[in-house]
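Pasting in a structure now, in structure tokens, and then I'll have a few things to ask.
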């Protein structure tokens, strides 16, 4: 018989206001095997833990039940405290009476009754708990960063700085991401390229960092500390090692009509191209969709002009297998294409552009060499209208848009408005906003400067319709403060479109078995306390793939993710989850059912000698589980027809005991 | 190809051309448009209130009778199309409206939105096919610059009409191309003409209609086509049509097929 | 005759990674569902042995619901697919035993779907309350 | 009107329209897109807010409710699915359902006609203006 101690947490008033904690302590104190039962204001606090440790010692407890918040919150805390007192941590169970009771029920009698039942179920389970010892597994001292934008770059640099190897996998021909396309950055207005490109060079020169550009993750196997990843290096038809990035091929290529994605399609590039001057790696890539040679077999100009013989039209995709201890998702975002909002004219009017397109139109390295000229007639616009929240903050049932605030648009729009007014004081600038959201250091001051010093017209209201008429964009909008409908003749309309996770994130999340929210942002292990970790061990999150954020926030999160990775890679061994499957060899009939359902290949079979009747020896084929590989899902336990396979910590008997306790009301 | 056909009141009186040319064109295209027996006026506007049942009944009757005939229901007038499609959606998705409407009507088989409703243009696009139409054109309207006027009722609410992108539609433009003319895309093509408010506020209708036609003219349209008698009326009467002709799209269709 | 004080007993098996977290989110969002629902945490929906469900009915549960990660999103890659197949088999067996189909339910609820968790549990509890007590499989020896 | 009666009228309007006024984030896109703006005293976003505040009397008395073209632009373009047009229709209905409160009376019709006016216009106007 176990000697069980029960501890009921008040969680301040979170639990105690709805659950009669004294009554719960008293009722559970009468359960068989319970030798101590009490309640306390904050069990997770230092003194709460001391209370528990004292009780373990004084009452010689062999098992502990804490009735408190979700085990996802403090199970580890209480188990650690028990361990300090010499009790095996797996002898501690949690009954979740906060999330599952006090926070969702109002009636005290009902909540108290439910808390008692959940407590009884936990006690019933602890009666069957056995001390468990965690095994160990080695750690591959290398990290993978998926995505080479500013988030991935910063994470990789920080990990490398600590002395660990890092690979960056970037699907585009160069690292740099969205930040490379941006002109200036708020709130300081320093040039994005000036602060980003040195970091790109650092990455290229760091001998701990290996860049797989124009590459994608193909598959991920394994678990924390021991991932095996297949990377597809897409054929770029240029030998990366030979190419010097001289650019002669990109000048001579006769196919000039390829939309230039780096400039948001506002100008064209060649079929062989280097995305931009500071690209890393500075290597040309052939776009097979447009290359005349690839399509017709006739051309070959680039091959002829290449001085180092780097062009290889026969190049194939290559799959590289690499091992990692940790993986960081830094898959980034894209601004939404506003084709769902054509009342604003994006699909039909050339001079209605997105904010990222405007960045290119204002960038010195962009299609207009930094002079603001509108796309249709290359004339300087004299009236510019900005529309905020295009596709953001929509009702969840509105299939066109996103339910969240994209966070960065208010600030970059203020920046755009300010830059235009500064460079072209003859230009009138209107910003239509719902709310101006500027939480951040020096952010509101920045926005106020746009209004007060630069004379940007901020109008509370939205644009309802944009119609192009003889080169003029007729903007119909509301001014809610004056109660008017405005009709503005504009030359350029800029839409601040919602940020959305990169399309590749969904399939990457599936490969990583990392969870995502309904908007396809990666979910964090804990919204407040573990914001850079995925709930899946060994997977970390960096940048906008976790939620909308600006550059400083992205960089902070990137460094935080790196710190977590370093913490993991610094360990030589990892403690495994001891709640793994175990086969009872005496019951196993060697049918292989369990092996077939194991997603990790943790189950193997071996012929073993057993003692048979009359001192004979029998050779039987039995299953055995590799505890370092088993992740404890339990698929095998249900597949096993003979009941030999069971899961430690969640054994058949334990779960049945919980079922019985719940049903016995 | 056989369809039930709901012409609607106005097509029997002031908008006979819309109907006449549609029938002539269908004959040329080998489409059998069978007018529903004993159809009644749809009410011309969809009543949005959830407690409005009586005003939806005539549409339900038409829908149920098309179902009983085992055919899809083709509508032509934008307003009828809008009303019948929205009522059909109510019958399909709003159990309360469906129950109450069926209680009133006492049909042999209760109606729950089984009929597929097609606008004449959808029928051309999805059943006949614009390519097949093009092949049958004997008198292509080459050189004509035609603006499509969608108005409000053909496309909105887009979730229910489900006919085309409500803000950047292409169905009439594709139709115009099929009959050999050049479509003119202009910004106001899906804005309101002033609708029924023309009855008591001519000023409002004038403003709306002239804004539409100005927009079409500025893009170089010589003709504007519509599927709605009220749009035609407003644009012609209140829009100031100097230099631009406003006609039903079926008239151009018949012309192109050589059956006008 | 239905006892006026009748409260259904409902057992909910929730996988640790998605649905249990979804229940936590329902809690932290204060989205109520009936207290009749009691949750048992399992690592994965594939850990739920159909025997557990039979055991629950035998012990007087009126409804059993199992919730796991959405297909394709299993923390263990494929566990919920196994669970789905096993439950399909169990359903036909329960059918054979005469247990109403509505007494068991499988739902996919992600960690982000607190609202769905609460909505599902409310609906399920209402269904069970309408069905009344489960007497078909209940082992009367298990009664106190 | 008594408080209870007012509340009943408000409830009826909310139920008939199916509109959840609390969804409105006050962006003003409905008003920005409304083609009948110039004809109105109160504009679509104000309709929503006034219903939220229970100011039905003011709305019901305003000529604005007869100026809505039912063009569905505000419904189509509202990012929050508030759908002001449905609300306007419900207010209009609550007015004309009262006895003798028809906005358009049959005897007024002949004076409004011209030779080309399609029947559709009269039918629509009747549906919108009278019971």
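A, B, C and D are the chain letters, set down in written order, and residue numbers restart from 1 in every chain.
Assume contacts are C-beta pairs under 8 Å (C-beta built on N, C-alpha and C of every residue); 3 or more make two chains touch, one makes a residue touch a chain.
Quantities reported herein were computed from a predicted structural model and do not represent experimental measurements.
Engineer: Sort out for me whether A-C or A-B is joined by the greater number of C-beta contact pairs.
Structural biologist: A-C
Engineer: So the centre of each chain is just the mean of its C-alpha atoms; given that, what is the distance between subunit A and subunit B in Å?
Structural biologist: 48
Engineer: So, what's the distance in Å between the C-alpha centres of subunit C and subunit A?
Structural biologist: 30
Engineer: Express in whole angstrom the distance between the two chain centres, defined as the mean CA positions of subunit B and subunit D.
Structural biologist: One centre to the other, that is 25 Å.
Engineer: Hunt down the residues of subunit B that sit against at least two other chains at once, touch-wise.
Structural biologist: Residue numbers touching two or more other chains: 167, 191.
Engineer: Which residue numbers or ranges of subunit D touch two or more of the other chains?
Structural biologist: Within subunit D, residues 38, 73 contact more than one other chain.
Engineer: On subunit A, where are the residues touching two or more other chains?
Structural biologist: 343, 465 - these are the residues of subunit A that touch more than one other chain.
Engineer: I'd like to see which chains touch which, written out pair by pair.
Structural biologist: Pairwise, the chains that meet the contact rule are A-B, A-C, A-D, B-D.
Engineer: Quick one: which bits of subunit D touch subunit B in the complex? Just the residue numbers, please.
Structural biologist: Subunit D residues touching subunit B: 15-18, 35-36, 38-39, 66-67, 69-73, 75-76, 85-86, 89-90, 93, 104, 112, 114, 116-125, 127-128.
Engineer: What residues on subunit A touch subunit D, complex-wise?
Structural biologist: Counting only subunit A, the residues touching subunit D are 343, 389, 393-395, 397-398, 400-401, 434, 460-465, 476-478, 480, 483, 485.
Engineer: Could you pull out which subunit D residues touch subunit A in their complex?
Structural biologist: 23, 25-34, 37-38, 43, 45-46, 73, 77, 79-82
Engineer: Write out the stretch or stretches of subunit B touching subunit A in their complex.
Structural biologist: 165, 167-168, 185-188, 191, 214-215, 218
Engineer: Show which residues of subunit C lie in contact with subunit A when the two form their complex.
Structural biologist: 9, 11, 16-18, 20-21, 23-24, 26-28, 30-33, 35, 38-44, 46-52, 55-56, 59-61, 69, 72-79, 82, 86, 110-113, 118, 142, 144
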